[in-house]
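The same subunit A turns up in both complexes below, where it pairs with subunit B and then with subunit C.
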Partner chain A sequence: MSAILQATALGKRYGDEWALRDCSFELPAGRVAALVGPNGAGKTTLLHLAVGLLAPTSGHIELFGSPPRQDRAVLERVGFVAQDTPLYHGFKVEEMLTLGRRLNRRWDGRWAEDRLRGLGIPLGKRVGALSGGQRAQVALALALAKRPELLLLDEPVASLDPLARREFLQALMDAVAETGISVVLSSHLIADLERVCDFLVLLIASEVRLSGDIEELVAAHKVLIGPRRSTIGIPGVEAVVQASHAERQTTLLARTSEPVYDPAWTVQDVDLEELVLAYMGQPALSARPMPAGPAEANG
Partner chain B sequence: MIEFHLDTRSGVAPYLQIARQVQQALRMGTLQADDQLPTVREVVGKLAINPNTVLKAYRELEREGLVAGRPGQGTFVVGTPAGPPPGAYTRLRGGLVRWLRDAHAAGLDDESIVAFVTTTLRDSAEESAA
Partner chain C sequence: MTWLVWRQHRQQALFGVTSLALLAAFFLLTGAHMHSVLDSSGLARCLARHGNCGDIQSGFEQRFSVWRGIQPVFLVIPLLVGLFWGAPLIARELEQGTHRLVWTQGVGRLRWLSAKLGFVLGATLLLAGAYAALATWWLAPLMTSTGDRFQPGIFDEQGLVPGAYAFFAVALGVAAGAIVRRTLPAMAVTLVGFLTMRVAVGGFGRSHFVAPVKVAAPPTPSTDLNHMGGWLLSRQTVDGAGHRTSIENAYLSCNAHVHAPVQTVVHCIHRMGFVNTDVFQPANRFWLFQGIETALYGGVALALLALAVYWVDRRVS
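And then the complex of A and B:
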């Protein structure tokens, strides 16, 4: 099986609220994936389902082809860093490493120590006395010392200043180059992750709106500018993501299946941020009229 | 050895930016045959980008016959890009300067000239693709 993480019609409900619904995607091995969505879109819920901290209400999630809550052994192959990099602030860095060694069967403490020394982080210092950036590096080193094949990071750079953010992503990409590990990073800002990720899972209002190889997604989407007219049946256009009409002009962000040659349209490339924002501006799938069956009124 | 830099606002895919910087360095003579390109880890550690981006750029350069991987050592320059002969730029520039004078005389400002060139380039690319 080539998918390292696979969700099929995955849903999680808290009381009456769906935190995640009908979520399907496949993450191929060897990718660095951005899990992007506004706050409250269900990113943390999805990551917690992936590592078996939560049980799905509906559907399935599989790691390396196994459901994480039934097959606990699969969790040895996964590293997870929760939001705000929780560590014991009273512990020294070296004590955190000892804890990691005792809690994990697979553990490469020497590698983690070398890594932290290389970053100039004193092992004898208490975690609480480190800077935010250093704490994030310690959490990353601990997660990598487990030698996982897949690393999941929940909003790893949200609380870091720009320099610490860059240093963190440098350390992470160095680990990817060294070990070939697959990574999922969540963020509410795509700009943070644009340079490091090659795969996108876009989560909006509890639904996966878009997923796939970033370069392919960017290449398939275009901005079309032309005289005001109907947006239906433009040759080459597969779906209109966003349309705005001025008195005489229509501007579209569309997913194309082939080049648009109609000279009435000026065709422009999009960047990833524009693309993500256009999808974020769409109404939720569950709020749109459904062709068959009753639509749920839940937003 | 050269160092890469990325312009995130340029809209050009990062792997293309890296490939173009190597091509440019070859044209300028900053890189020559047998020179080694930075390793993937060196580039990634400096720019904080996805290693696949660097690999893709190097594969593209390999496909063009400009560089080749040596197992266990790294990626090395083997060729130079087939560009126009040195005199070509001077000759083309002369024609372009005359054309620009014409365009200004016809009332086009710099912005409309750039827009005109861009659309004409695209149209001619589409014509040859169609």
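And then the complex of A and C:
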């Protein structure tokens, strides 16, 4: 499968601060990817680089094989919903759709109108008079009416209440099922995205810590519980992500390359949230001894 | 793009056109009256003959003193365009994040910016041009009466410069908005920047556009102290011993009063050695100065616009 979005050693610096550093990953077509990381990890920077709002300081990013900053035409194939779903609040909903029609060569206005009507959003109402959830739906419809091949959403549900959150993600999944587009959704909470995503890009402290198919990632990580002892050189363990030591017992969250048969260890499966939290608890890559030794954590 | 720009800014445009229409109605009504009084009172004819028009003139001035009083209001109008059309143009988009919506559609940010700038600058030039023409016509009778069109503050209200000020104010507002990224602070920057530039040029720069003329002569009653509507920059009167004095003192020393024979006074002033030195810009430089000031403001405005374009292209995301 070819990569629809590819970052290579991508970096963005503001003054002395790197907002994103040495970021490499690729997103295969047809996936719904969660871009997860704590606030300030660089998610917005990465998405802005992806749609050409920002130019990289180092490395490069390509959409469908073209750099978006140089080749604007590639943006016609991408739908983007920025953080806080910016819309002109003085416009009527139907005027927002006119805006989309006027500014894009490829535009399916009929589909967008039907979609918004189906959601019970009156086209004649001013955007400013809509609820937050409705505005997010308008922004999503606007992005989807371009008939994009890739949809990028920056914290689309962060400001929504739980019900609107669920409705928004449901609407998004319906659209994905209908059109088969690839999606990148960012959030600082994995719980928001767990149900809808099948690909993960984990961004922590300006660096990509983990990326890949969620099922494979979850399958490759195990919790090992055993007697307190050295955690180096357990057969089958590729890297220890997190280790905690009680008086007589050690609990590890480890990335495995093959099944762990050592009878000293009890092996348990992890869920995605545990996995992400374990990685978030790690010290920064640049501060870690190489190769991955045991990272100590108490508790 | 045109549709979007019109849809976004039609309210401001409508407000601008309405304000101009109201101003125009005021100018036309009161201006027509002033023009007709200027003719019917005989002041125009009298002034054309360089006669002594004292009585007619003071009658005219008294009648229209209110209009002369509100004149300073017109100094503010170009600034308003910068505050309400210029500053929000980009700042509002950046403030609300809507630039990210527009820039990720099928239109590049430079096309977006040129459409917006084209609209607001075109409208500014059109409306400010119409306004300047009206104001110039309206002010004509008042300036004919006193010959003061070159004076600071009055020079600034007519001819080409009101349009240049408005153009500059808009460019300043646009650039401030792009850099500051918020509407209210951008308006504050526009206000301060505009006043600074106006004070610097009007108060210090303008008098040096061209080297002024210096004339030294005995201040006899027949000397034209107005220099036929020129702009007096400095005046120094000395007596025969070289001490500083004033023209009034010279007249007093020569006992000049209404009934004194002119010849006697002239003779006395010459004899006592009074010399008055005026430094001034001659009246016939009015349009030259209008042109220089317009070019100056226009040039600074273009530099500010270039800065705004650079900033939006490179520094905004």
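The rule is simple: the second predicted complex is superposed on the first by the 287 of 299 C-alpha atoms of A that agree within 3 Å, B and C clash if a C-alpha of one lies under 4 Å from a C-alpha of the other, contacts with A are read in each partner's own complex, and residues count from 1 in each chain.
We take it that a contact is a pair of C-beta atoms (placed from the backbone, for glycine too) under 8 Å apart; a residue touches a chain by one contact, two chains touch by 3 or more.
Values in this document were obtained by computation on a predicted structure and should not be read as measured data.
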### Query
Residues of subunit A touched: more by subunit B or subunit C?
C
### Task
Look at A:R72 in the shared chain and tell me whether it touches subunit B only, subunit C only, both, or neither; answer first, second, both or neither.
second
#### Entry: subunit B versus subunit C as contact partner of A:L87, first or second or both or neither
second
### Task
Identify the partner contact of A:E215: answer first if only subunit B is touched, second if only subunit C is, both if each is, neither if none is.
first
#### Entry: First (subunit B), second (subunit C), both or neither touched by A:R115
neither
### Query
With the two structures laid over each other on chain A, which partner does A:Y261 touch: subunit B (first), subunit C (second), both, or neither?
first
### First (subunit B), second (subunit C), both or neither touched by A:T98
second
### Message
Which partner chains sit in contact with A:H48 here, subunit B, subunit C, both or neither? Use first/second/both/neither.
### Response
second
### Task
Based on the superposed arrangement, let me know which partner A:E194 touches: subunit B (first), subunit C (second), both, or neither?
first
### Summary
subunit A residues contacting subunit B in one complex and subunit C in the other none
### Summary
Per the touch rule above, subunit A residues touching subunit C in the complex are 48, 51-55, 72, 75-76, 78, 80, 82-84, 86-89, 91, 95, 98-100, 102-106, 139, 142, 146
### Query
Taking the complex as given, what residues does subunit A use to touch subunit B?
30-32, 166, 169-170, 173-174, 176-178, 194-198, 215, 218, 259, 261, 266-267, 269, 271
### Message
Could you list, by residue number, the parts of subunit B that touch subunit A in their complex?
### Response
6, 8, 11, 13-14, 40-41, 44-53, 119, 122, 126, 129-130
## Note on the structure
Counting only contacts in the complex, subunit C reaches subunit A at residues 1, 3-4, 7-8, 96-98, 100-108, 314, 317
